[in-house]
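Here subunit A shows up in two complexes: once beside subunit B, once beside subunit C.
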Partner chain A sequence: MDRRPLLSRAPRGFSVLGLVLFVAAIAALAVFPSFVKKPYVLHMGVVLFLAVIQGQAWNVVGGYAGQYSVGHAAFFGIGAYVTMMLLEVNKIAPWVGIWAAIAAAVLVSLVIGSITFRLRGPYFVLASISVAEIIRLATLHFKEFTRGAEGFLVSEIPTLKIGATEIEFFTKRPFYFAALGLAVLTIIANWIVQHSKLGYYFQAIREDQDAAHSLGINPAFYKNVALAISAAFTAAAGGFYAMFVKFIDPNTVFGLDISVQFVLICIIGGIGTILGPVIGAMVLVPLSEILRNPKGLVQLGIVSSDSGFVRFVEANLSNAHMLVYGILVVVVILFAPEGVLGVIRRLASRVRRRASSRGRTEPAATA
Partner chain B sequence: MLQIRKLNFAYGDLQVLWDVDLEVKQGEIVTVVGANGAGKSTILRNVSRLVRPASGSITFEGHELSHVPSHKVVEMGIVQVPEARRIFPEMTVTENLRMGSFVKATRKDRERNMERVFSLFPRLAERKSQLGGTMSGGEQQMLAIGRGLMGNPRVMLLDEPSLGLSPLLVRNIFEIIKEINRQGTTILLVEQNVYQSLRISHRAYVLETGRVVLSGPGAELLDNAHVKKAFLGI
Partner chain C sequence: MTVFLQSVISGILVGGIYALIGIGLTIIFGVMRVINFAHGDLLMLGMYTTWLVFSRLGIDPFVSVVITGPVLFLWGAFLQKTFINRVLNALPQNQILLTIGLGLIMSNSIMLMFTSDYRILTTTYSSSSFSLGGISISEPLLVGFLITAAITGALYWFLLRTDTGQAIRATAQDRDAAQLMGINVQAMSVLAFGIGSALAGVAGALISPTYYIFPQVGSTFTLKAFVIVVLGGMGSVIGATLGGLIIGVTESLSAVYIASGLKELVVFVLFLGLLLFKPSGLLGKTRA
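Moving on, here comes the complex of A and B:
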């Protein structure tokens, strides 16, 4: 039987404490830009939220339904390209275009799903990789339509009018709030999926597809549903990314490293949980940023500009972030197969056990 | 109720079933016994439409099953309890049972069915919130059968329920199968434990390398010289 130690069982039920913490965290992040105005900090905030969205999106199909897609760059890139091309070619505002992008990604996911979900395990993983690669190469090839390797550059994002307020997408601020909103939305969506009947069906398929099948669950259908939900959020992330970074080409949005990033966020944080992708993003984003751009720490005022650490990282590790990712994944799989979240839970339950056993033995000792 | 006629089936070039004829009448326990690789499980896989036969027909209450997709077979009332238990290890006993009433029509009976399962298996009632994967083999088998009952089966397909269980538990499981049948569920059982399964069956078929070589009432087969020699070592 196929047992999966990588998956930790998500707690069921509704926790008031969890909700309070969740709302408090959102509130804190919402007022954060009023106190900290450094564009670099807000930029990092957006990158972090984007990683959370990516992780949560992958989690639906990879975490709950247990279908390890390593081809999510396909949906990310479709989201980015459709949003971008509608803006640049058809002058359609991104907040409208993104819906078309989501629809396109869902459509593609259903096509991909109905073909690749006939495959299981490693075969599905390989098929998902190749589909993303096919789309990347097709985008490079059909230059008249996609501009090939030239890519697209955002010329101007129109002003968004909501009632009397006008929002201009010049600074990092509006992007920060948009990314925060989208991240909150994906987290809530994940929570709903996890606690709905649908979530049970996904998990049943993940734990034992044949058993699920024997109960009348159509595995191919529900895997397709999971992939479509995941693709929708992934495309939203892609569309947002295109507008935020303002430039896309096939390699930056359809690349295999993008697909891998989706998986890494979840593996490092904890697959199949709500908090996992959040924690994974919180580990991965700062780490990759420090390795790629150690001067960022100087900008944040954490270290001084002549710090030995910055010089060391710049001299030795600036091109090694993929290497460090790799080592990190090996360490996590070997020592913490349930991700960072799993480690935290294990420590917490150990502390609790120790506390309760002390509570029990002490009165006995005095008696 | 369930009728299999001239069923031929092959995995690729390897023919596994040869002209198998088999009938299960309402209210019966019918057992297919045979050695490893005789094709017993393959018959069940054909009934639940997980594989497609090369030729032959399978009808359930007069309906031909050849165009029914596998997940719809369950809706018709044919519920398979898969081999090696296959419970959901990360779900609790209650959650596993709830998964058993996936088919819409069975959801209104969920509470009643769950009570029925708990009265058949008091052990499961004691362990409602335990994770399936942490239970013993016997308890997992009870859970798998219980989960099957949640789907209101008209006929229940049981694939080697005695696999990997201690002799005492095997006896226990067969008693419960008998009880489930007494309560009105028709049962098609596939077994290697010839003695125990023939004892509780109304009728049985002996399968050897994909062919039915003997059939008849369970008690009669127990006395059959060939069965005694081939399976019981007497």
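Moving on, here comes the complex of A and C:
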């Protein structure tokens, strides 16, 4: 197995090509809804951006700092519940409430971090799961405050006024732009973390915690910083999710499968990279969305409503999109532990090596 | 006092079955150093096997242990040979993710086959109980506990007295040294995973008269099994036995004296405390 330290592969410089591609992609995605107006496509876009945010958020603590949290549902759920309850109980608009949600999640992350980061490896994984479970069970139990298993339903999102323009959250369109903006922000934040001193500290802790410690990096402190950053973006994703899906209950936002989803997005794409979570989201989201709702493909005109495919999926697979997650993760761990991005890189370097060796031998043959 | 005794006794009865689940997980961890996140899903498969042979063939759940055990043993051995064996030297995170993936495949395949409806296995004795000095004891739980005790006893005998059992323990102690002594560690790993999943399956069979059966039932038991195993010290069979009983009694007492909705929460809080102050567990020696 490839055991090279991941640090040697982390990009250090500033790539102009990368920046151009990034800006071009944002521009293309921003004008996209002007051409394609089908709600299913926009819905898919929102879910995709949300997955990118989730993956990037987890990446900060799981990818760079190497702390495999399987309890991110805790922050996601806190983000969702605080935003939702402020709106439904206190009538505070979500774009205000989400800041309170982020603050709450960061506070909780500091408490959780100070407890769990004293543990390493599998013990940390178990502790992170337990924390999320404790919060889920508490939310289920204290009904007077959280409404328990009944959950919350969005009654109405107020109209957002920016200057003279009024934005109403009736269609998928405003959600699409909000999610895109949030995803772009998260990616930029990830890039800054990766290329800052902070990011190098994280990666040093990931590669060898004891060596990093002996160099004067306080592992507990920097792991906490990584978790706090991660929790902030995760809570934002949770708050957004609550407003977009319009219904939350303890099991849908604090469940173990939500935590697993965070990890999967990164594992499938490639851990500890900017592009990884994006690729992971692009693989996972379309697959699970099509299985969840194959009628969408009919709306797009790709297949007809009476086609065998749609009938088969609806009859057999609509409840089992998690099956796809399971199969994907098994395949990735067994055959491509570095994720899709790792496979692409390996193929690319093989092609390049072949090309360069041909380039060297051919002139020699003619000479 | 009666209430206290009552809840301690029902806690011990349930705890015996928890112990069985924990022992399976701890044997797998001991031999392979792999944390099996699919353990609860193996238990779930045991429940469904029991439910199938009960509803189709009319075989009593407690008798069906002789079917569930071997079936899950073979399934576990297959999983080890095909999947787990390939990641024995991988990063622990990747091992964990692989078993999470396998668990998702199992629970979702069962959901595809049998839908996510809750199944109840109704036997003539499902809710019957008898009274002993003012304390009522649930019959299915008592029978389950007795079978558990018998199986645990047999397992101890197997691990301590037979050559194969000693070979398994040797592999758990030091894989390389065991191999140098001529022990087939590959075969021991397959055997250990088989035994581990058979124990989970049997536990599933034993609780099926008293629990709801549904595809997602496993995850609660997976988490509980971790708590039990860490409590007793990872890899320690005696520790897991004790851990199971302690968790059973803790749950039962906190259901009575705190709130029934919070019994699992109490267990997790205790677990976190334990991880912080004695991560090697009650009987563990080395700190991992």
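Everything below uses one rule, namely that the second predicted complex is superposed on the first by the 358 of 367 C-alpha atoms of A that agree within 3 Å, B and C clash if a C-alpha of one lies under 4 Å from a C-alpha of the other, contacts with A are read in each partner's own complex, and residues count from 1 in each chain.
The working rule: a residue touches a chain if its C-beta (ideal position, glycine included) is under 8 Å from a C-beta of that chain, and two chains touch if they have at least 3 such contacts.
Please read all numbers here as calculations on a predicted model, not as lab measurements.
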Counting only touches as set out at the top, which of subunit B and subunit C does A:207 meet: first, second, both, neither?
first
Subunit B versus subunit C as contact partner of A:217, first or second or both or neither
first
Residue contacts with subunit A in the superposition, subunit B compared against subunit C
C
Touch check for A:260: first (subunit B), second (subunit C), both, or neither?
second
Dual-contact residues of subunit A, meaning touching subunit B and subunit C, are 1
Touching subunit A in the complex: which residues of subunit C?
35, 83, 86-87, 89-94, 96-98, 100-105, 107-109, 111-112, 115-116, 219, 223, 226-227, 230, 259, 261-262, 264-265, 268-269, 271-272, 275-276, 279, 288
Under the stated contact criterion, what part of subunit A meets subunit C in this complex?
1, 68, 70, 115-116, 118-123, 125-127, 129-131, 133-134, 137-138, 140-141, 256-257, 260, 263-264, 267, 316-317, 319-320, 322-323, 325-330, 333-334, 337
Under the definition above, what is the set of subunit A residues touching subunit B in their complex?
1, 3, 7, 9, 200-201, 203-204, 207-208, 210-218, 221
In the complex with subunit A, residue positions of subunit B that touch it
48, 50, 69-75, 79-82, 84, 86-91, 95, 98-100, 102-103, 131, 133, 144, 147-148, 151
